[in-house]
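Heads up, the next two complexes both have chain A, just with different partners, chain B and then chain C.
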Partner chain A sequence: MENFFLLVRDTFKEHVRHRLYLSLFLFCFILLGGGLVASSLAVDERARLMLDFGLSAIEFLGLTTIVFISVNFILTEIENRTIYLVLSRPIPRGQYILGRFAGTILAVTAAMAVMALLHGLLLVPLHSAATVPVYLAAWACSVAKLVVVGSLALALSLFSTSAPTAMTFTLFLWAMGHFSEELRFLGEKSANAFVKLLVWIFYHAAPNFAYFNYRDFLYANHPPTTAWFLFLLCYTVGYAGVCLWISAFLFARKEF
Partner chain B sequence: MLRRLLVFPFMILAGIGFSGMHRTFPWPYPPFDQLITQRNGLQDVSLMTAGFRCLAADLGWIDLLQYVGGGFLPGEDTSRAYAELKPMTLRVTRIDPYFRHAYVYSSSMLAFFRNINRPQEALDVLFEGMRNNPDYWPLRTTAAAIGFKKADQFDRMAQALELSIQQPDCPTLVKSILANGYKEHGRFADAVRVWTIVLNNPSDALYHGKAEQEIKKLGANPA
Partner chain C sequence: MTSVIQLDNVTKIYRRSHLGRVKESIGVANLSLEIRAGEVFGLLGLNGSGKTTTLKILLGLLHPTQGIAMLFGSVMPEPQVLRKIGYLPDAAYLPKYLTGDEALWYYATLSRIPREKRRAAVDLILDNVGMTAAAHKRIGEYSKGMFQRISMAQALVHNPDLLIMDEPITGLDPLAVREVRQLISWLKAQGRTVFFSSHDISEVEKVCDRIGILANGRLVSVLEQKDWTGQEGKLEAIFTATVKRSEGIGTLKFS
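The block that comes next holds the complex of A and B.
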């Protein structure tokens, strides 16, 4: 267990010192500043636009970072052969994957927390209708999405061994995951049994990212209940667990 | 062997979460074939595909406001003022059916602006809003106000709008319509009262200048 925490700590430090991490904040400043300008065009709905724009920007930056880091991190270590330094020690490969993943998630979540704090400060003078618990719930759902996307990207990077392919597949699944309800609708409309089956399999196997968008649901007539959050947590842990298990399985079969 | 079996509890957990999420919270949005995609369809669908549905609605809302402030769109029917106002509103509300402000704002414009004066279109927008937001009563009071306007009953129309402007998220446009209506009907004290509400509301900041002007014109001092 000590090895696991060391891996998490080292991964976290490594990411925080990376240039990409600092540029994340720069982009956040630019996007939130742009949001302030754009929201002034929304007249009465300025607070709503700033809330949506900020939460979307935070999620977008977090997701692009996690995809880029998760896909490249282990592949780069394999290419640079620095992985030998770690694996020559008595660390199980599964623990290595889990430690690296947890450190990455921790680093990106910390960045998202700082961005959320900044965004929250901008929302205060706009008298946003979103209360702190609602905002935190929306932010936490973005983090949950980040966990699933990160684990998926990691599994795909170990499966394909090429970073661009893995990134493309992750982004494809990200887009399709947001379109899953529409896919189901298309499947229901189709008269072809094969198409119906294909859509059914894809709908259940691909991550349903549309359901992580609590920031959209908070305007609905009947927003999600506490039970919904628990099911979302189950889904996040379950889906990320499966992806990490696949990653560990693929990594264990690699020969160095 | 045990490690290999570890995947099954995760699969079961994901399955429980998946079915539970769907059971406790049915998908609250209309299917994508109901979207208005004649203009800006690519922008809306791209944003929705990336998972930013409400942001797509917000950008549609900014497009609508720019249209309201700016005039005509390419290929627009120029024989009617703001011919695209209804489709542009439905574009926003089909992406996010809970964008309640858009229903009230556009229907008020469609019904009460003298150069537009298309109450039937306004009612179409409102009825869609009421179907999607049955508990949001300002939509009903706006519909009632439109009905009274059609029947040429200003006092009852004003009563209905008075209820609407009590809502914290009531568009400033509705307050402005009501104040101008009072002015037109010689009820200057009521007009000043409504403009004072606008002046004291920080979220109506864009109308503060106009409110001050109107209050001065009507012979009172701003509060």
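The block that comes next holds the complex of A and C.
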């Protein structure tokens, strides 16, 4: 277990010491500043716009970062050959994948937490304290999305071994994931068996992001139930678990 | 003497497919070799002769297509056996975002050195490679010589019984070459086993107990120290008579 935590810690260190990590905060400042300006134009809905815009910006930055990092962190280590010095030591390959993935998620989550803190400071004059738990729940749903997209990107990177291909497929499935129900509807309506099959494959392979939309409940009168959260947790663990299992399987067979 | 390395009829065929067309090339073919404890064994060969492939099979980084590679009596890849092995690659492939000290701590932990002994092991190896003063500098800021020293330290931090080195003197200045020679002699005096690849005949003959000559993936000859000791140029003559270029390069016509 010590090796696992070491990998988590060093992966976290690696990302935090990377220039990209700092530029993430720069983009966050720009987006939140833009949100502040844009929300001032919406007189009645300023608080709502600022909240939605900020959460969307944090999620967008978190997800684009996790796609980029998850696709690259193993491939870069293979390219730089630093992986030789790790795999020539007594460490099971599955543990290596899990440790590196957990460290990456931790680093991006930490960045999202800092961004949320900044965003929270901007929201103080606009919202009451009652918004805090709601905000935290929405933020946690974005982190769950991050875990799912990151694990998908990692599995695809090990499957294709080309960063641009893996990134394209991840972004494609990410986009598909936002239209899961529409996709299923189209598949059901189609008379062509091949289209039906294709849609069925994409429907099941792409993560269904409709399950993560806590923000849909923000202004509704019916907040999500505990069962909704439990389902989301199970879905996240299940989807990420399958992707990580595939990643570990592919990595175990890999030669360097 | 017990055998530390045992290769039994090992063959590695690389398969590369492009647009559905599969191209095969031989890394090593029917390689059988046994290396005993305490021995310094050099694998000599031209570029592309299969030296690195052999080392990678031993480390479990490549899987043999056929045959068995064993270290300390276990079929590789066996994670537990890797505790007893140090690996010094042909270049310093180190994580540049870490300091020298952090990198060695990282490798010491991965090598399963118990926590209570780890600090002492890292400090000792830093001292032994003369890097204590620069230990808290990021590796990305190191000079080539410092890189080499930390690379050497990571291979030795866990006190391995077997050191595997891939072309350890390629690209080094004369002083660094002498240091590698010094390291090999020290390891030999400690009773450790050293297995390394090289294409530098003059260096190999200075330190090895036995030498294997690889040509086109095949082990064509294994020589004992008595076969070249005291006979200047003998090893080079054997080597040039044994190997042929296989990359489609013709001979030079300046003579």
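Going forward, the second predicted complex is superposed on the first by the 237 of 256 C-alpha atoms of A that agree within 3 Å, B and C clash if a C-alpha of one lies under 4 Å from a C-alpha of the other, contacts with A are read in each partner's own complex, and residues count from 1 in each chain.
The definition used in the following text is that a residue touches a chain if its C-beta (ideal position, glycine included) is under 8 Å from a C-beta of that chain, and two chains touch if they have at least 3 such contacts.
Since we're looking at a predicted model, the values are computed, not measured.
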Practice problem: Evaluate whether chain B and chain C can sit on chain A together after superposition, giving fit or clash. | Solution: fit
Quiz item: Taking the superposition as given, does A:1 touch the first partner, chain B, the second, chain C, both, or neither?
Solution: neither
Practice problem: Look at A:90 in the shared chain and tell me whether it touches chain B only, chain C only, both, or neither; answer first, second, both or neither. | Solution: second
Quiz item: After superposition on the shared chain, which partner residues are touched by A:59: those of chain B (first), chain C (second), both, or neither?
Solution: first
Practice problem: Have a look at where A:245 lands relative to chain B and chain C in the superposition and call it first, second, both or neither. | Solution: first
Quiz item: Now for A:14: first (chain B), second (chain C), both, or neither, which partner does it touch?
Solution: second
Practice problem: Identify the partner contact of A:191: answer first if only chain B is touched, second if only chain C is, both if each is, neither if none is. | Solution: neither
Exercise. Please tell me which partner, chain B or chain C, touches more residues of chain A.
Key: B
Self-check item: Touched partner set for A:233, first chain B, second chain C, both or neither
Solution: first
Exercise. Compute the least Cα distance separating chain B from chain C in the superposition and give it as a whole number of Å.
Key: 16
Quiz item: Same chain A residues contacting chain B and chain C, which ones?
Solution: none
Self-check item: Touching residues (chain side chain C, partner chain A) in the complex
Solution: 56, 59-63, 79-83, 85, 87, 89, 91, 93-95, 97-98, 102, 106-107, 109-112, 115, 154
Practice problem: Could you please specify the touching residues of chain B with respect to chain A in the complex? | Solution: 3-4, 6-7, 9-18, 20-25, 27-29, 31-33, 48-55, 58, 61-62, 65-66, 96, 98-99, 101, 105, 132-135, 169, 171-173, 202-204, 206
Self-check item: Interfacial residue positions of chain A with respect to chain C in the complex
Solution: 2-3, 6, 10, 13-14, 17-18, 80-82, 84-92, 255-256
Self-check item: For the chain A and chain B complex, residues of the former touching the latter
Solution: 38, 41-49, 52-53, 56, 59-60, 94, 127, 129, 145, 174-175, 177-179, 181-182, 185, 204, 208-213, 215-217, 219-222, 224-225, 227-228, 230-239, 241-242, 245-246, 249
